[in-house]
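Chain naming follows the written order as A, B and C, and within any one chain the residues start at number 1.
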């Protein structure tokens, strides 16, 4: 579910701007660092810290889009890959200098620890909360994209940027806002998921392939697709750990290959 | 009206003066052990990486296939050579050929699945393929040595005459020769109709289809060739260091080799030759103090390059030379 | 030595989503034909060409080349069987020179594109043919200029050279003169004149002057179906065609004299 939270932002920004942004994991990581620092240094409660991290990172994302990303929209895929890779390296270095190389400890609030019983199945409360959050987010996003003017504008701009501009939509601001939304969501995922995906400098490099998998398998630009993909990956990962612990992540990668051979554009094709 | 062709028809005079001139740097480098003894192991590393970067350039610079998983093929080559030697097959040339073969097969297998896709999906699949191989090597500890790396790798003397010693002279000439042969091969490939068609695919693949080009087949062929060469580089690495570990399959290496290539300039034959030494020198200087500084430096240089100097060092050089020429004429 | 072929469609239809964009088209192009395809914007002309070359898959119906069903074949395969086309929106290899652009097509056509081990310039006959084609469309003076630096009109000429390089038996020209002033469009006609008489040429364009100078037969496509086919003078005086192009009389607008 964390994968979904983080990756849906990537799906949106990539579908919208067509920009190959490998550095998406950086924003999730930053969200995690802000959350953890607020909690550990300043004693801020978990949820508040997470939400603060979310908005802070969204703001950073907004600024970065206007200052840097914007100039690279027309560039080749290689250039975009190199740029975002460079961004990853820079952020990894900065984070390492400021916070040190070790993983950040996180203490989950009491109400998220322990087990919960639902329909005679016991599950860790934390995981349940994550699932709940994921569902809330997808519902919220669907509301935004389907019901609000902002969402409609984004959909228009994704379909045809030039047309959208000619009917008066300020695509520059729209893109910046959408990018902020995407990075904010990533930060949300990073902060919430800090217990599962540990917050350490290697975060963006370690997990980028998973975010990309979720987006590619789910389908670029879609909101439902990554949800299904993340769910599928999460379930198969758990099943694997249960039945074939030796195989581990090998299965996920092989699984991804097969899915993409079957549907090269992702499960939910948008364009 | 007769067709006017102002470009001379070249490539058919085997020993022209220009050709001899391009051999000169190679001869200089080959004389290195005389001038700077003790640097052979480092030079060998450089040669191996240049070979690796050349194989990547075929994909990135010419065919337009961006991959962040090329270390997967490098590692397959490296581990093949290593595992064979541990099990008693120790002739260097034979194991190198086996490594190339296995890497080519790996490239073919993944390529068939991956090359139908493009853009982000392709990029992700290249990463996933390397991660897959990494995890397999990680788990198969009994065969690969896992995290500790493969122990007990050794090779019999090259051609029965030249032993691989820790002074590294054999490895030096061995890898230099392999690099030279690869260079000749890649240069011929680039100048061939096949090489030109690769550029066409990179520039406009839909138009290539509309002139009847079987693009999937072409891309697959170049991917297999590139994989074989990457595998050769990996085998050379194992043979010269008598060791192979998970780093050879890592995402970090895939990223590094891409940066090395871009630094020099992709799509230019000599880009690898420039980028690799510069990168390795910078890495040596900066990473010693604090790895964080090295990452920072790398990242900043990458960003600066993308925004200011997309052609890499050779691209900048080209523009300077072009500007100088214009001044000269003015 | 030029081979010829007949291109035919039977009941060809194509849906975009729920829109029927090409509807039951029966069309035949024979060796030596000089046919123009005209119709109002949005009639589906480029879509039709895409269906012929295989860029688009038909929803139903058949495409036949010399009575062989090629409907299931992909685009590259059909091109190699002898169908050549130019694109309405210029589609060239931008960073490569004029000469290189044409050579790529020559290489594919003559089967040397797979060759790995010899330099391009070793293949003298193919290089010569590429140079000759560049000359034929009048681009010899810019042979070494990258395609993206050419002025638009000359890019259109390069488009034609690339298509000709394929030695097509059937040539489909999609608005070759688009963006070229009428006064200069004779260049296109001159080039078509140099083509072997046995090949079939289908021209799509809005420049009626060019169309009427070129065509021996005209097909009028309206909203995805063929309205009428015939000789130029018949089409020019056909009231249905005038109606489609010049306005609906029912709404009280007089047709032009």
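Note that in this section a contact is a pair of C-beta atoms (placed from the backbone, for glycine too) under 8 Å apart; a residue touches a chain by one contact, two chains touch by 3 or more.
Bear in mind the structure is a predicted one, so any value in this text is a computation, not a measurement.
Taking the mean of each chain's C-alpha atoms, the chain whose centre lies closest to the overall C-alpha mean is B. Ranking every chain by how far its Cα centroid lies from the centroid of chain B, the top place goes to C.
Centres computed as Cα averages put chain A at a distance of 33 Å from chain B. Note: centroid distance chain A to chain C, computed from Cα atoms, is 47 Å.
Chain B and chain C have CA centres that are 42 Å apart. Across the complex, chain B meets chain A through its residues 60, 66, 68, 113, 116-117, 119-121, 123-125, 127-129, 131-132, 135-136, 139, 251-252, 255, 258-259, 262, 266, 291-296, 298-303, 305-307, 310. Those residues of chain B whose C-beta lies close enough to touch chain C in the complex are 1, 3-7, 9-12, 188-189, 191-197, 199-200, 203-204, 206-215.
For chain A in complex with chain B, the touching residues are 14, 20, 68, 71-72, 75, 77-79, 81-83, 85-94, 96-97, 101, 201, 205, 208-209, 212-213, 215-216, 220, 246-250, 253-254, 256-257, 260-261, 264-266.
Interface residues of chain C facing chain B in the complex, by the touch rule stated above, are 53, 55, 75-77, 79-80, 85, 87, 91-96, 100, 103-105, 107-109, 112-124, 126-128, 131-132, 134-135, 140, 143-144, 162, 165-166.
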